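Letters A, B, C and D name the chains as they come in the text, with residue numbers starting at 1 for each one.
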Amino acid sequence: MVLKTGKEYIESLKKRGPLKIYMLGEKVENPLENPIIRASINSVALTYDLAHSSEFSDLMTAKSIITGNTINRFCHLHQSTKDLQDKVKMQRVLGQASGTCFQRCVGMDALNAVFLTTFEIDNKFGTDYHQRFIEYIKMAENEDWVIDGCMTDPKGDRSKRPSEQKDPDVFVHVIERRDDGVVIRGAKAHQTGAVNSHEHLLMPTLAMRDAEKEFTICCAIPADAEGITYFYGRQASDLRRLDQSAEGDIDCGNPEFGGQECLVIFDDVFVPTERIFMDGESEFCSRLVESFAAYHRQSYGGCKVGVGDVLIGAAATIAEYNGVENASHIKDKLTEMVHLNETLYSCGMACSCCGQETAAGNYLVDILLANVCKQNVTRFPFEIARLLQDIAGGLFVTCPSAKELENPETRKIIEKYLVGVEGVNTIDRMKILRLIENLTLGRAAVGYLTESMHGAGSPQAQRIMIGRLANLEEKKKLAKSLAKITGE
Amino acid sequence: MVLKTGKEYIESLKKRGPLKIYMLGEKVENPLENPIIRASINSVALTYDLAHSSEFSDLMTAKSIITGNTINRFCHLHQSTKDLQDKVKMQRVLGQASGTCFQRCVGMDALNAVFLTTFEIDNKFGTDYHQRFIEYIKMAENEDWVIDGCMTDPKGDRSKRPSEQKDPDVFVHVIERRDDGVVIRGAKAHQTGAVNSHEHLLMPTLAMRDAEKEFTICCAIPADAEGITYFYGRQASDLRRLDQSAEGDIDCGNPEFGGQECLVIFDDVFVPTERIFMDGESEFCSRLVESFAAYHRQSYGGCKVGVGDVLIGAAATIAEYNGVENASHIKDKLTEMVHLNETLYSCGMACSCCGQETAAGNYLVDILLANVCKQNVTRFPFEIARLLQDIAGGLFVTCPSAKELENPETRKIIEKYLVGVEGVNTIDRMKILRLIENLTLGRAAVGYLTESMHGAGSPQAQRIMIGRLANLEEKKKLAKSLAKITGE
Amino acid sequence: MVLKTGKEYIESLKKRGPLKIYMLGEKVENPLENPIIRASINSVALTYDLAHSSEFSDLMTAKSIITGNTINRFCHLHQSTKDLQDKVKMQRVLGQASGTCFQRCVGMDALNAVFLTTFEIDNKFGTDYHQRFIEYIKMAENEDWVIDGCMTDPKGDRSKRPSEQKDPDVFVHVIERRDDGVVIRGAKAHQTGAVNSHEHLLMPTLAMRDAEKEFTICCAIPADAEGITYFYGRQASDLRRLDQSAEGDIDCGNPEFGGQECLVIFDDVFVPTERIFMDGESEFCSRLVESFAAYHRQSYGGCKVGVGDVLIGAAATIAEYNGVENASHIKDKLTEMVHLNETLYSCGMACSCCGQETAAGNYLVDILLANVCKQNVTRFPFEIARLLQDIAGGLFVTCPSAKELENPETRKIIEKYLVGVEGVNTIDRMKILRLIENLTLGRAAVGYLTESMHGAGSPQAQRIMIGRLANLEEKKKLAKSLAKITGE
Amino acid sequence: MVLKTGKEYIESLKKRGPLKIYMLGEKVENPLENPIIRASINSVALTYDLAHSSEFSDLMTAKSIITGNTINRFCHLHQSTKDLQDKVKMQRVLGQASGTCFQRCVGMDALNAVFLTTFEIDNKFGTDYHQRFIEYIKMAENEDWVIDGCMTDPKGDRSKRPSEQKDPDVFVHVIERRDDGVVIRGAKAHQTGAVNSHEHLLMPTLAMRDAEKEFTICCAIPADAEGITYFYGRQASDLRRLDQSAEGDIDCGNPEFGGQECLVIFDDVFVPTERIFMDGESEFCSRLVESFAAYHRQSYGGCKVGVGDVLIGAAATIAEYNGVENASHIKDKLTEMVHLNETLYSCGMACSCCGQETAAGNYLVDILLANVCKQNVTRFPFEIARLLQDIAGGLFVTCPSAKELENPETRKIIEKYLVGVEGVNTIDRMKILRLIENLTLGRAAVGYLTESMHGAGSPQAQRIMIGRLANLEEKKKLAKSLAKITGE
């Protein structure tokens, strides 16, 4: 049985060699015990535990096409449009259960993209990347790995190509070639689950040109490899995680689960040949980048919808606590939140049900619709969050700290004056307010808003793809035909 | 072979008894020869002709579950989520090909809704409506009927129930019961394809109450039945259809295809028992109304997307003709139009792929997502049309009539001054401008804008359904769980 | 007393020599009796009649700075920010009273722009344009002229400069120079009040370059000058104006007032020297174009707000007639319409109160805010119209013609079935529905929607100006200062 | 000379008696030295220092109508529409200079509202509130006070009136009447500048009814009065202020200026008669509430526009640092940010230039337009912030802490990999990213987003006022008149 539990996952992390992690100016010696990191590990652990739950195991698992084993869906190569839809459903469930980013999608999306691309490269060039990669997937399935799909380079001056940068290291590239592999240097930014992963699967960040062969590298590296340094991102309200009160860490908003971000430095890391899946075949770069992006843009039509459900639930709860749940404008705003959220879900499902089989045998989403999906994700969560702020009232940003509850004298005052409708515990009202703060301005807002904006590509990246796939010539023909324009 | 061609469809209309149609203050003696009506008949005829085209016959036809015959999909009972998706794809193709409403969806949607509801009524009450209705469907399939799904009553004072109206006739109701059937009176408003149909399939317009049993009537009536009067709606720029110029009717914008609307009066029309499919079972009214509405709200995620493709094509064409197709703001607006249009399509596909089998054996769309789909249709086409107006420039509302082209002297001036980029015929530029006018302010705008707003239910109707299906209690639990609120 | 009444204005039009007007393929011999043109003349006449009304005469008139006479504000050179605000208030009143474009603003805006520009040209070049123009204004004031501010050339291939066009005539230019004046050729498109004017005041359509001196011409030409041909634009539902029923021309929607558009051809028209106000001073082109555009973009913050009031009133009326005026969603939509409309008004007032005196002595609006004003006008009217369509219900596009009311038999049916709440005349309900159609899809929609989009410059023109006037460098300094970025 | 400098202001705060402030579970003994509070004091101090700057002193000061002294505009009773406009301009300047809420507007707005209301109360009831209040204003002017305009009660169950609450103390009310004054109890929530103020000016939170006379109390209380407790609100990323690095507190984003919020408890506070300005005159409650709200809603058209300028500047700066400032989509987004921001400014200016003199002699803004202004402020800042997040790229939420810069080894890596365009210091790039974080997700986002939503009344409060002032009956008449509907 290859399905780990959350606990087994955490145990497996302990078996990694020591990671070099810097946070707030200090080296983190024990990431698993660090409360800030731990919350984000909890989110990942959910992806293991729900695979064992009676309610969700069907959604969370699949049958390996390589071994026939029952595996976690996060390691799965999609075999049908139903698989693609189940992926989205699974992501929604996990977003609902964690209220944040659970970090494991990017690996699943990278697996599927590299799988189909290596097949196509081999087909053209007679290389053996695909077989190598199947061996890699086998390990991933059997070890139930968390894989950090690693794409975004720091990029330096964005008006320049990789090879034109003053310091080429702002794009990962091969700096040395050995008989048994290559040595790479560079960095990957915005790596959400990096320190909670077993593996990094590196991909080029954009379509490289022929002259940029050294930048055209796709390979796998263990998270504890020699030469990697992690810089933990400083995020909104991150220190809240440290200040537990007697009531539990209410001020956190979401005491159990969290996200995170890392800058990962690859300082002359060696990669053995069997872990290289593309090396210089620049004409396949755009295929890899676009298919990975498409899978990952689909993902946002699931995970963010799940978190959106939490925002809607928080809105309905605070409305209830405030005694306004029957006001017509409140009900209308809740309806609007649901409407927007389900529109995102519709986009996630649509690019899935319109997916198609690839030459390699797995299923790829409809690329145009996946880009449309993500483009909406760069908009609607902001409006959903705005509506939540509207319904919440201002107290979620003016509320005193839960630490005031530890002093019986101040607690009495807080409980008296922050009371809502009769029958609702004032502390519960504070808890939901802090969750709202967390989701709209705090730690989870980073994932729900900024990541919705830039994760899986910034808005303009989707617009370029939509423009490219729009097939305007075909549409012009429709218009000309109806207007009886002939002879062109 | 039961699949009619467009020509055979038109022949079949001639076989109807005379219809009593009033238009512009006069009785229309020969509707098939009337140029205003004829354009809308052409749109319906497309639904027949494409069933015989090699490119679209797969999409346009299906296998009858009753007879096993190959039938037009418009007569089909959906057998899978693929069928539901194919329905949407078919509607998009027809919207693209006609640039307007092709009027036949409402019958398909009514067939499926009445099919599933009659089954459920019989199950509860031991009635035999379902068998009767299967017989009716058999005829529909074999005759390849256009059926007018007839739901919206005029409603009078909207703040009152049917039974409270000063004149109850503003809701269709049974006014006499005979051994062999019933006599009904009332009217149905906004009936798009009414005069182009073989049959009307009447349904109650809202969930009736127990005391409103006489209003709870679902039945089928031939289009040429005794007692029916049609009042043809007066629409924007309708008289353009009459003024053909030597160049063809350029000012029409879309010379071949058009939509229309009718007010249909049922003045004491007799309905034999075998054509009655619901009679007083008020508790099933909401099931019928909601399932019909859901199917029809799905439809808008197909047909309006197809027309949207025409708007996008018209925008790209006029940009080309004006010499601005490479301006970055033009390209960005085209991308936005595509993005919005594909979001609508995504909603149409999503409610389809999430559909489920009913007790009766046909497939019903996901009702929440179908309402989300239509809600977006009440918004995005207006923005798409606004963007088209933006790209078009102002000439589409200031352009002289094509009649000026008949006089060589004025034609020379028009051709000289309304010229666009080199190589484009000025007349072609006028044609595309008139199509743009037609789509945004003219005859087709009625379908693309106002019908998108109110067809299949006004926006508030969808909001009520979205609010009802939102499952806020479940979402509250998610939020409370994450905030560690316990004990409720 | 120089203030004409509406009747006197119409009389004065009769005194013009014959105009060469083509409409629908025919020459219009008597434009004042043509019902289509007449409705638009009625709109202009309002600008005269209200100057004599006790309620509005203060707003409609001003004291001439040239003669000291009381003159119509449409001939006035603004003397203060109050004048600029009063202009906007006057335009709102006229929009309310006519429900359409009243065509006279463009002349007022041209007067003020040419006034300030000629002063600045003279200052630089020692020319005497300004004094010439003052003489012209004197006549305008004394004759209470309607002046057609004439800017937009047909432009041909928009990717090319005037001098690069295959046929340079698509931009008005000087083709011959004589001792006593010049001869011009070309055309001006989208001229709203052209056939209802006494005069045309031509301005270049864009900032010309040094090599485009022949295109750099600003001059005045009488409407009945030799060589002018008018092509009357064909517009949505224009023929409705012709079909009066016994009940009055209900189907028109707005039986009394209308807009229009013309393409005006200047085929070798002679302009005497004293009517030339700029001739080759290309460096002042942008000053003229930008100041005229700014004044005219301000105008839209008045006139369209007035028409917006009519849309809101129509929405409230049909809600009342339908019995839904107390539904919370209806009230909320009305509030939104008001909110958007008053935002436009705020923009109109803001660019006025922030206006400043020019070197020539008249007042110019704040150019940045005037562009912001117009940019909003390219958006909000579309949303206001969408909301009106929402509130209206679908009947405004499906309603039978008022001609059915002439036959007592059909009238009875119409009255019975199109009834609204008790106490409201069905005919009145039809009238308001037709007004709604007129405003959102018909003749007035051209002015309220398309003209809001493109009149006074298309959206991108405003964005270019906003971008240019944004002063980003100053804003960067603010951000850098707060972030403690030093040393740049 | 009554104009204090920022330094003198801070000195004056030291002269207050000790305040009872709780923050993070502890009593703050020296608020002026607390770094979290100090940043917000710095913001207030700007309102003093700029009154002495040569550039802004004209805007920042006014002539007292009581003493004739030159006073800070924050203590001024507006004497003209120019004064109202200057208020908005002053607020924009301060928003630009602080990048956050400077807290002093609410006192100015309360002064003006109480001034006009007391006059009207006296007029009706023959009381002497107005004279009392003039004496109070004299002190405010002479001492150059910061006054905390204190309106919002905690409200408990929002579905109930004050008198129906289980604990009436959730609304401030009189609990004891003495010969020389009254004793009040209750709390005021969301008090931004409370701990930085000299005085609180309490007003009822809503229109009280006759039976709620004890809740109808308007009075002034010194900030250090016996019985007051302050609970300092816990806000996003507040602890950043504590962790200064060697480079300065970069992670703060805005190292110098900040906002804050307090819950203020009035636990049986005595108010002497001469400080009472309304006591039971419930029919004037709505006048006080609505005029205060209108002034304060106007304020948001100034201060948030100033902060908006900072967001725009930050966007332009990071675009420059990233090397994308010339990308057309970046330029277009900057233009959109400017457009939205200037629309808000237009609304602030419009309600000012349309203001009118009150019976008491000061000027009141146009109430409808002030509500329209604030309604837009509940929307556009969210879109401006979204666009800033878009332009920024994701690094502002994934960037390592500035503390990594203290270690030379890690500093080298950070500087290498977070480099932007050549010539820009990486540390500067980090600084601007942290400012962006501060403005969109951090401490300043509370003011720019949530306060924009709820400050001066939540969105629905404005909608109610807009609906009430819309004058729909007048607009109905316009529509009916144009449609020729007569006889009603």
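We adopt the following convention: a residue touches a chain if its C-beta (ideal position, glycine included) is under 8 Å from a C-beta of that chain, and two chains touch if they have at least 3 such contacts.
The structure presented is a predicted model; accordingly, all values stated were derived computationally and were not measured.
Novice: Taking each chain's centre as the mean of its CA atoms, which one is farthest from the centre of subunit C?
Specialist: A
Novice: Report, in whole Å, the distance between the mean C-alpha point of subunit A and the mean C-alpha point of subunit B.
Specialist: Averaging C-alpha atoms per chain gives centres 40 Å apart.
Novice: Provide the C-alpha centroid distance between subunit B and subunit C, rounded to the nearest whole angstrom.
Specialist: Each chain reduced to its C-alpha mean, subunit B and subunit C end up 37 Å apart.
Novice: In whole angstrom, how far does the Cα centroid of subunit A sit from the Cα centroid of subunit C?
Specialist: Inter-chain centre distance comes to 52 Å.
Novice: Which positions in subunit A touch two or more other chains at once?
Specialist: 329, 332, 463
Novice: Determine the shape of the graph in which chains are vertices and touching pairs are edges (line, ring, star, complete, other).
Specialist: complete
Novice: Which subunit B residues qualify as touching subunit D in the complex?
Specialist: Of all residues in subunit B, those touching subunit D are 328-329, 332.
Novice: Which stretch or stretches of subunit A touch subunit B in the complex?
Specialist: 81, 85, 96-99, 248, 250, 253-257, 309-314, 316-317, 320, 331-332, 334-335, 338-339, 342-343, 345-354, 368-369, 372-373, 375-376, 428, 431-432, 434-435, 463, 466-467, 470, 472, 474-480, 482-485, 488
Novice: Along subunit A, where are the residues that touch subunit D in the complex?
Specialist: Its residues touching subunit D are 22-26, 152, 154, 156-160, 166-167, 169-170, 187, 189-190, 229, 231-237, 239-240, 243, 245, 251, 261-263, 265, 322-324, 326-327, 329, 378-379, 382-383, 386, 389-390, 393-404, 406-407, 410, 413-414, 416-422, 437, 441-442, 445-446, 449-451, 453-455, 458-460, 463.
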